[in-house]
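Multiple structures follow.
Each of the next two complexes has chain A plus one more chain, namely chain B in the first and chain C in the second.
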Partner chain A sequence: MSEHVEPAVPVDPQNDFLVLDDVHTHFDMGKTLLTRESKGVVKAVDGVTLTVREGEILGLVGESGCGKSTLSRTVMQLIRPTSGRIFLEGKELSALSDTEIRKERINFQMIFQDPYASLNPRMTVLDTLSEAIRTRHPNVKGDALRARVAELLRTVGLNPNQMKRYPHEFSGGQRQRVAIARALAPEPKLIIADEPVSALDVSIQSQILNLLKRLTREMGLTMIFISHDLSVVRYIADRIAVMYLGRILELGEASDVVDHPLHIYTRALMSAIPRPDPTSEKTRSRIVLQGDPPSPMNPPEGCNFWPRSPIEHDERMKHEEPILTEIRPNHFATNCPFCVQAAAETEPA
Partner chain B sequence: MSAQTITTPPPERNEPMTAVAAPEQQARWWESRTARKFANHRLALLGLAMITILTLACFLGPVFLSHDPLWIDLGVRFTPPLTDGFLFGTDPLGRDMLARLLMAGSVSLLVAFSAMFMSTLLGTFVGLVAGYRGGWIGAALMRMVDGFLAFPSIFLLLALAAALKPTPTMVTIIIAITGWMEVARIVEAEVRSLREREFVQAGRMLGLGNWHIMVREILPNAMGPIIVAATLTVARAILLEAYISFLGYGIQPPLPSWGNMLGGAQQYLATAPWLAIIPGVAITIAVTSFNFVGDGLRDALDVRDDKA
Partner chain C sequence: MALLEVKDLRTSFYTRDGVVRAVDGVSFSLDKGETLGIVGESGSGKSVTCYSLMRLIPEPPGRIDGGTAMFDGRDLLTMSKKELSKIRGNRISMIFQDPMTSLNPFLRISTQLIESLRLHYDVDKKTAINKAIAALEEVGIPEAAKRVHNYPHEFSGGMRQRVMIAMALITEPDLLIADEPTTALDVTVQAQIMDIIKKRQEDLGTAVILITHDLGVVAGTCDKVNVMYGGRMMESGTAEQVFYEAKHPYTRSLQKTIPSLQTKGEELYTIPGLPPDVSKPIHGCAFYPRCPYPKTGKPEGDRPELVEMADGHCYADCGFCDSSAPIETVLAKTDSPDEAIETGAAE
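For the complex of A and B:
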């Protein structure tokens, strides 16, 4: 990308809980067979600077393919960042070797989207959770281990009598509870939940959301909650980051982002949520974006939102990269005058 | 934009959710879908019955027989079947064909089973490492597999058999090293797809070691195809053993095997056809039975996960 710009989001790797400092995760698509030309690079995460405070739930929203999941796997070090640094409690994760990372993993865990895929079909709940508990307490065995498994199951609202069952004997919501129990088992400090409710029925979603919210508070966890559903994120998150094409467009307290969105994209997302009240639903004005998200293989230059913005951008912003700037106290947005000013103009009454 | 636009989930009840209100019961394996599907496969059941009978007869049968398979009695040479107390007749040296057939069967089956175990272990190991590691290690291992496959196995078999001392152990090893590649390919393909599954990523998230993930997380999920391949490998091994023994490079007389019985019978084909027919039928029954069981297992195990 262009020359390195000073991040406008202040980061303090030594004192902040989790810090992402200008993180890029690119995927090289390899070279063509004969001509050895590069097939291109997918810029899934393209310069994300972010801090997460201890004990908060940070909601990360964005459309499919905007890089949310890649970002989560980069933070979890399942994928190593192409450049940039990631600090957890002052320790630079991105600098650790694979062996060191393995020892560090008990401190950060992940909840996956699909509880049908994330549990080993050949292992009972007892086996799955025992394996996870032993990562922190390798010497716990027998009855003590079973007691811990039972306690974990109670914590996530399952009946400990069911520990000898296999995943296929549970419903989707129950499986997700097992997956949550597994993530809690190593007693982590940070949990990333990657769309943990989008594979579940709406009636089950709220149960799982409440469970996650309660556990985060009770156990003093920090959570990054990823979703494409702004209404879900708004319910659970303390702060919200809006992601688009591998970059953060807006970041702020949940109430600020939802009630006073700065970026035209956030406003468009908000206007897409149906309202439960028929009268206001009728009058809901929608901000309609143009076209589909561009390919992250060849993202537009400058303010990367311009091809889809309903507001015409001038030539300068089609080339000059905007910076995430503190526009209101603790409320950041890219300093693209078109996207953000446009938002201000269409401020709801 | 007001808060009421957002659907607020109802407050959570704190009492633990009970799962399916089914009574606490252990899933019994013979009630599983796999077992039921297998039981519905007639040929597979027939095959399983034949294998059981054959195996029991070969390993336990000789105890009940009055004739010693190695006892030579030139006075009763070429006795046709069902005469003078010889159920299957006698061979050119007057040895009881039934006793020899069963002893040969125990040798052939033992060689085939041992070869199956060896080639399955080797194939699984290579496939597991190649599939899980991928990259240049995986590529190197799989090109080695391709190399072995490209070699005409019958010639490899005969060349090795001619060069090495043909003890039963050696014959087993020779059959095993020409038969592990198929298992390796099946396992590699299976592991490559399992490696990307989320439960494997979850295992990596827990910081589990590579061997732990390979053996505890991935391998149990790849067992179905391995078992099928192993069953079919037994059938192949019986044929290969018969093949090299028939040509005289395998199990050496006086120790009988189905292959060398067949080999010894060729010159008497016109005068004493039972000498060839009896071991021939035994080989056919054994091989088809194992193939039936393999097919049945393949159908029974072919469920993409046990998704409820």
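For the complex of A and C:
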């Protein structure tokens, strides 16, 4: 379909903190039982080139099924990429063996969407956090260990005398704080937060967002923050990458992407956010996308957004794959004229 | 006459650890074709209110302690099970948050879609299936005639929620109760689903009760809004009144927490503390411990009643806080997560 094109996003594996160089993660669906025909390949991540700078929060936005979770698991090396390379501080993670990656993994930790499912219900907070601390400091025991747990709990805004409790004794927001403490315990350099506030009430969301932002600043962490909600990402992220069907459609500083989106898909995501204002909400016109994202097993050729785009694409863009290009300084978007031009037209120059 | 008139509804759960007063005196009314939004945090009693109306509260431990819910002249809370089953799923339908758990994974969509039709009306299977196909087309499912025979797992989350809507509306009910219908969905799909509910409501003249914690969703769809907290209504009125002239400190705090309204770079506003524990008696205003406004005293005794202040705009005023003060003035000193947890965890 498309030859390998030089990525327009410059990468420097030796100096950048985290580098993804043309990463593909495909899932082979196997063969049918009788005819032995291939059932197809799900291209969950299909050529992502991205750098994450040290100390920044990169927001990764997209609808369900766009591959953002697969991408994060690929970075974690929980799923090995089909092709492409991933570097963390100059070390090629994708080339390490399973045993080596295990040792390396204390440097990058994950926070999941559902803190109830990601915490062991039969372990107290003390047990959970001790286990995580000992992945980096195997010899810490007794009072020293408890002191560390207490300190972690204080960091995430929990009361240290709650350390003997089980996850079910906490509310959703508190449980997410425990999950954050668990991720911080091995003193990682990189945290990947996969929809950490989607399961929480709006009022609790803000507390967790504030906490994550404060911790990244104070502890000098780097974070990839994954969400489908641009209104949340806009607040927490320094830069935003918009993902669609396994590819990055737009990448730039958070304020550029949110206030001056280049790609029509980003604008559609923005306009889908309900505004808490009855008058404007009842009258404003929105870009409502048609249907669900197409299946990544059979992605459309060319500019992969054309079947859902409100703007008709010509035959060329239905076959020719657009490239992520620097359209404004430090603001990248795929160079599909129909998707990007549309945004430019409606915006005052 | 109003389609639904709820008066002083009280629902409690009698657990080993005490009585949880989940709904503690809620009254509202709803006219034909109207949309009512019930907004509140988890545990505010918004879902229990609606489950009580449908008599879906598990008994025991739950019990409807009192109140009336007149639907078309008859009391939903006291009518016999037989009468109720004629109304439920026919004249009142419900959509739940998670379409995967509310559809039966073992049955084809067609079987589930026509169940209520066949139960409440004397229609043969073929007519019912045709109606089901039409219903799926109405909610925007492509190739409905083919898809109607699929199983739930063959649909995506957004599609499943469309099936739920089609199923709920197939009997053309007078009232649709939607419990967080879009919380599990992406924002783009959320916009589609809300459009479909709105459109079908206009076509059929259905009244809708929309339960949500997201004020943004309420703004675009609802005529009236009830704000619930600690099992009671704190404020109610038209959407315009509740959004533009919000009086109660809780409503105003809730509005401030919406991320899309806040300026980037600043710390997000959070309401300090945790929602009240409704298993313990609440004295005075339930929001008092978290109220960010300057106070002139501590409310004691009964919880303040919901009083009509202006045309249709009601709120429960404890009389001890100065809600005319701008909320920003008190932001700085209440915005510590540590403090928030500690007040909530002091048991």
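We adopt the following convention: the second predicted complex is superposed on the first by the 339 of 349 C-alpha atoms of A that agree within 3 Å, B and C clash if a C-alpha of one lies under 4 Å from a C-alpha of the other, contacts with A are read in each partner's own complex, and residues count from 1 in each chain.
Here is the rule we use: a contact is a pair of C-beta atoms (placed from the backbone, for glycine too) under 8 Å apart; a residue touches a chain by one contact, two chains touch by 3 or more.
Being a predicted model, the structure only gives us computed values, none of them experimental.
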item	value
Partner chain(s) touched by A:91 [first = chain B, second = chain C, both, neither]	neither
Partner chain(s) touched by A:201 [first = chain B, second = chain C, both, neither]	second
Touching partner for A:328 - first (chain B), second (chain C), both, neither	neither
Contacts of A:278 with chain B and chain C, given as first, second, both or neither	second
Partner chain in contact with A:186 - chain B first, chain C second, else both or neither	first
Touched partner set for A:39, first chain B, second chain C, both or neither	neither
Partner chain in contact with A:78 - chain B first, chain C second, else both or neither	first
Partner chain(s) touched by A:119 [first = chain B, second = chain C, both, neither]	first
Touching partner for A:63 - first (chain B), second (chain C), both, neither	second
Contacts on chain A seen with chain B and repeated with chain C across the two complexes	154, 157-159, 162, 171, 174, 177, 205-207, 209-211, 231, 234-235, 258, 273, 275-277
For the chain A and chain B complex, residues of the former touching the latter	76, 78, 101-106, 109-110, 112-114, 116-123, 131-132, 135, 154, 157-159, 161-162, 164-166, 168-171, 174, 177, 179, 182, 186, 205-207, 209-211, 214, 231, 234-235, 258-259, 261, 270, 273, 275-277, 280, 348
Contact footprint of chain A on chain B as seen in their complex	1-12, 16-20, 24, 26-27, 197-199, 201-209, 216-217, 220-221, 305-308
Contact footprint of chain A on chain C as seen in their complex	41-42, 140, 142, 156-159, 186-192, 194-195, 213-220, 222, 239-240, 243-244, 254-255, 257-262, 264, 267-271, 274, 335, 337-338, 340-342, 344-345
In the complex, chain A residues that touch chain C	63-65, 154, 157-159, 162, 171-172, 174, 177, 201-207, 209-211, 213, 228-232, 234-235, 254-255, 258, 268-269, 271-279, 281-282, 286, 288-289, 291-292
